[in-house]
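Below you will find the structure I want to go over with you.
Letters A, B and C mark the chains as written, and numbering starts fresh at 1 in each.
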Amino acid sequence: MIDIKNLNLKQIRDGLQNKSFTALEITESYLGEIDKAKELNAFITVTSDKAIFMAKESDKRISRNESRDLEGIPISIKDLYCTKNIKTTAGSKILKNFIPTYESTITNNLWSDGCVMLGKLNNDEFAMGSSNETSYFGPSINPWKRKNEDTPLVPGGSSGGSAVAVSGSLSAATTATDTGGSIRQPASFTGTVGIKATYGRCSRWGVVAFASSLDQAGPITKTVVDSAIMLRSMAGFDSKDSTSIDLPVPNYETNINKNIKGKRIGIPKEYKIKGLDSDIENNWVDGINWLKSEGAEIIDISLPHTKYALPAYYIIAPAEASSNLARYDGVRYGERVHRKDLDQMYSDSRSDGFGEEVRRRILMGTYVLSAGYYDAYYLKAQKIRKLISNDFDNAFNIVDAILTPTTPTTAFNVGKKFDDPVTMYLNDMLTVPVNMAGLPAISIPSGFDKDGLPMGLQLIGKRFGEDNLFSLASVIEDCRGTFSNPTQWWIEK
Amino acid sequence: MSEIITTNEVRHLVQSGTDSWEIIIGLEIHAQIVSNSKLFSGSSTLFGSKPTSQVSLVDAAMPGMLPVINEECVRQAVKTGLGLQAKINNTSVFDRKNYFYPDLPQGYQISQFKYPIVGEGLVTVDFKDKESIVVNIERLHLEQDAGKSIHDLSQDYSYIDLNRSGVALMEIVTKPDLRSAEEAKAFITKLRTILRYLGTCDGNMEQGSLRADVNVSVRKPGDALGTRCEIKNVNSIRFVGQAIDYEAGRQIEILEEGGVISQETRLFDSAVGETRAMRSKEEAHDYRYFPDPDLLPLYLDDDFIKKIAIELPELPDQKKARFINDYGLTPYDASILVADRVSSEFFEGVAKGRDIKLVVNWITGELFAALNRLNLDIANSPITVESLGELIDLISDKTLSGRLAKDVFEIMLDTKEMPKKIVEENGLSQITDIDSIEAVVNKVILENPDKVSELLEKPKLIGWFVGQIMKETNGKANPATVNTILKDKLNLG
Amino acid sequence: MPIDEKIVKKIATLSRITISENEITKLSAELNSIIKWVEQLNEIDTTEILPMTSSVNNTLYLRKDVVSDGNIVDDILLNAPMTEDGFFLVPKVIE
C-alpha cells in the first residue's frame, strides 16, 4: 500500500506518469482508507467496482503513453452531481433510491480527462446547511479535533463530505458546490483548499439545483496547485446551461508561484464583524503581511452593504429553492407516499422526503414570493443584491483582489444547538456576498487557532479572475509553511 | 368614472325581458408554435406519438436539468407580433409560474409575466353584412405547454403523458373588446387565418394547437365592467360561441334575480353545452411568478427584428386590398378568398390571364361547395389550379356550355382527370358551328308550327324552343348561338 | 409583517408540505424570527435601484431548432414510482 496520506494530487499525477505506482495501486490504497474511515461518514456511496475498472483502463492508457491530463487520479464526487447509473441522493430521503441515466457535464469532463471515481460524498440535504448535519445519511465528521478533546466536530457544509474526504486523505480531490459558502466554509473548517468559480465558469447541467442564480461548482483539494489542476478540467462553456459563459479556460497551473509584486489587495473593513474570532482576526493580519512581504500593495477598502448580503441571501436562496424543489413531487422519480388523493400524496411525499431545514426553507421561499409579499421581500432582496454587486465593482476599480477570513469561527461541535435558524445562518456571513455578486473566491488553509483547529483565508477575485486568485493563494500557502494532516483517530490501532 | 369603458360604442345588446345587457368578452388564445423541437429542449413536437416517446430529461424535469431556448420559437413569436402589427420588445424576461399539477413536471411553467416578447397590437375583423371591428391585442408571450392528463382510463388513477410537455406556445391576449359570440368567433377565425399565413401556428383546434380561455362579463350599457368568469381551454370556435352565449345567459339570469357573480374559473362541457365551475378552487392559486434564474433576459436587436419583418409574407388584410384593387373583386368575394392562404393562392393561380368573374364564381361557387360536400380542404382538393384553369378556358372558348362544364367538373372531382381529356373521351364538346345548329333550328321550327304561331302572342315561349334544340343536340349546342339563330329565323330580332 | 398560523397553513398548502398542528406554532416562530431579521433590509432605500436577477450580463444563447432528444422512454420511466403502458400514474385528479 502506498502512503497516500502524504500525497497530493499533483504528486499522484507525477507518480503515475513516472510509473512510481499504478492507477490500480493508488485506487486500491484509497479504497482501503475509505473502508477504514466509516466513522467519518464522508461517503454516501462507494463505487469500488467502478473505481477498479476505471483504474485498470487508466493503467492501460498510461502503458500505451496515451495519458490524459488527469489519468488515473482517484477522486470523489459530491452527491449533488448526477452520475450515470450511480445512485445520486443530494443527501435527501426523497432521492435515496434515485439513479440518474445521465452524467453531469462537470463529472463528464473529469472522466474524459482520465479521473477515477471512488464514490459519492455526503452533503447537507440539497446543499442547505453549514454543518453537513441536515443530510438524511447523518453528519459527516471533521477529521480535525480540538487539542486534548474528543468531541466530534462538524466539517462545515454543505460540501462536508467533500472536505472530509480530502482532509482525511480518502480522495486525491473532490468536487463540491457553493451557493453561499458551501465550498469555502468546509474547506476552512478542514484545512483544505476550496475554490468557488465565477458564476457561469462551470456548467450547472446535471448538478441538483439549490438556488440557480447562486449555485456554482468548484473543487476541494489539499493544495492550491491541485485546485488549479482540478478547476481547469471542471470548467468550460456548456451549451446545455444558458448561464454558462463562453470563454476559454486558461491553464491555471501556470499561475502558481507567479510573482505578485504590485498586485493591489483590498482589505474590507466591513468584514471585521462582531463575533469574529480573535485568532482568526490575527490570522487575517498574518495573511496581509505575507502578501505584503511578497510585494503586494495593501489597500483599505469599504464594501458598505456587506451586512445586508446575508439577509438578502436568505430571501433569494429560499425563494429559488422553493421553486427548484417543486419537481420532487413523487410523480416521475423520488419517493412517493401512496395516498388516494393527489394533493395528499404530494404533501405527504414531500413532508416525508424532505428534512426539517429543507422544509423550512421551502416555506420561507414560498412566503417571500407569495402575493402581497413579493415586493417587500423578494424584489427588495434583488435590489440589495445589486448594491452588493456594485460595492464589489467599485472596489475592483481600485484593487485586484480582496482578502478576508473565510469564516467567523473555526469548526464547531456536532449537535451544537443554535438559538434559532438565524444564528446558524451567520456562519455564512463572510462567504455569501461573493455568491450574490457571482465572483470567484478561494479559501486557503492559513493557520491553526489556539485549539489546534484549521483556519482559512478567503481571496475574492474579479469575474473570471481565477488565475489571479491562484497566484495570490499560492503565496499564502508558501508563507504559512507546511500544513500538517489531522491525526487519523478514526483508524483503529 | 374612469373605469367606464367609453372607447367602444355599444355595438351589440342582449334583450332579456325589458332589460338590455352588454356582453364584454376578452380572449386569451394559446397557439402552438410551428417548430421542430420544443421551446427549451431538443425533443420533437410531432402530434400523436407513443406516450413518453417525445420526452427528454429536460421535459421530465429530472434533477439538474436546464432549459435552453429554441431560436425558431423566438423568431416565430416575433413574426406573429409583426403580423399583429404589434410592438416587439427588445428585452423580454422569462418567469416561473409556480403550481403543482401532475402534467407540469417542473412544478412551474416557464412563461413571460412582466416583460413579454410582444406588446400591443391589433386585428381587424370583417363581417359579411356589417362594419368591421378592430380588436386590440394587449400582449403576446412565449410559454411552455403542459403534458396531457387522461382521467378516464381507470377508477383510481390519472395517466400522465408528457409528450406535449415543453412544446412552445404563444399566449395572445386581447383587450376586452369583443361584444358577442359572433364577434369572438370571427376574431378567432381571423387570428387563425393570420397565424396560418405567417406559418407560425397550424391553427388545428382538434389537435389542440389553438385553444382559447374566454373571459365573459355582462353589464347594463354605460355601467362599469361587471365581474368576469374565465372559461378555460375551449377547443373549437363553435364551442367558444356556445360557451359565451351560455355563460352570458347564466350571468344575466343571476343578476336579474338580484344575485352577484363570483369571479371564478369555469369549464365548458361541450356534451351539454354548459359551463360549470371547476372543482379545484382557483382562489387557492398563488402563482408566485419570479424571473427564472436558469434563463437570462432575452435581448433582440433591431436587426434581428428587421430581418424577420423583411421576410414577412403578404397578410390577409393586404391581400384582400390587393384583390379588390387589382382584380376588381367585391370586398365580400375578396374576404372569402383570402380567408385561407391556399384558397387565395389557388385563386391567383387560376385567375392569371382569365376572366376574373368566371374564376371567382367557379371557386367560391362550384369548387367550395364541392369541397364542403366532400369534407375536403382546398389543400387536398381533387381539382387543381391547372385543371380548373383548363376548364375555364374551355368555357371561354365556348367548347363547353355552363351546363356541360358542370358535368365535366363532376367527372373531374371523381377521376382527377384534366377537363380536355374528359371532353374528348366523352364527346362532350359544345357545337358551335352555325350550319349544324341551323339545321337543328330549322327542324324544330318545321315540326312545331302551332308553337311558332303561339310565339307571336307569348315571346317567352322562345325558351321552350331553346330547350327543344338543346335536347336534340344533347346539350352540346352553344345556347347563345342557338338564341341568335332562332331569333333570326323567327324574325324576332 | 408577522407570519401568523393562518399564513403558515397557506404557504404549507402552496408548497405541498404537510405540517402537523403542533408544528405550526414552532414554525411560525422560526419563520418570524427569520423575517424579523431580514427586515433590516428596510434600512436601505432602494427606490432607484434596479433589481438584479443574475450576475451574468449576457443575452440568452439561442439553440438551433433541431430534434436532438427524446425516444428514451425507458430512461424517463426508470425511477418512476408508478407507471403503465408508458404513462406515469398518479392518484385520480378530479377537475
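What we mean here is this: contacts are C-beta pairs under 8 Å (C-beta built on N, C-alpha and C of every residue); 3 or more make two chains touch, one makes a residue touch a chain.
This structure is a prediction, so every number in the text was calculated from the model and none was measured.
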Relative to subunit B, chain with the most remote C-alpha centre: A
Winner on C-beta contact pairs when B-C is weighed against A-B: B-C
Length of the line joining the C-alpha centres of subunit A and subunit C, rounded to whole Å: 24
Centroid spacing, where centroids are CA-atom means, of subunit B and subunit C in whole angstrom: 40
For subunit A paired with subunit B, centre-to-centre distance based on mean C-alpha positions, whole Å: 58
Multi-chain contact residues (two or more partners), subunit B: 57, 60, 68-69, 100, 102, 156, 158, 160, 286, 288, 293, 295-296
Junction residues of subunit C - those touching two or more other chains: 13-14, 16, 53-54, 56, 58, 60-61, 63, 72, 75-76, 82, 88, 90-93
Numbers and ranges of subunit A residues touching at least 2 other chains: 98, 101-102, 213, 239, 242-243, 322, 326, 329, 331-333, 340, 342-343, 346, 366, 370
Residues of subunit C touching subunit B in the complex: 13-14, 16, 53-54, 56, 58-73, 75-77, 82, 84-95
Touch list for subunit B against partner subunit C, complex: 35-37, 41-44, 50-58, 60, 68-74, 93, 100, 102, 149-151, 154-162, 267, 278-280, 284, 286, 288, 291, 293, 295-299
In the complex, subunit A residues that touch subunit C: 97-99, 101-102, 199-200, 213, 239, 242-243, 245-246, 305, 307-308, 311-312, 314-315, 322, 326, 329-336, 339-348, 350-351, 354, 359-360, 362-364, 366-367, 370, 373, 376-377, 379-387, 389, 420-422, 436-439, 463
In the complex, subunit A residues that touch subunit B: 81-82, 88, 90, 95, 98, 100-102, 104, 204-209, 211-213, 239-243, 319-320, 322-323, 325-327, 329, 331-333, 340, 342-343, 346, 366, 369-371, 374, 378
Subunit C residues touching subunit A - in the complex, by the definition given at the top: 1, 3, 7-8, 10-19, 27, 30-31, 33-35, 37-44, 46, 49-56, 58, 60-61, 63, 72, 75-76, 78-82, 88, 90-93
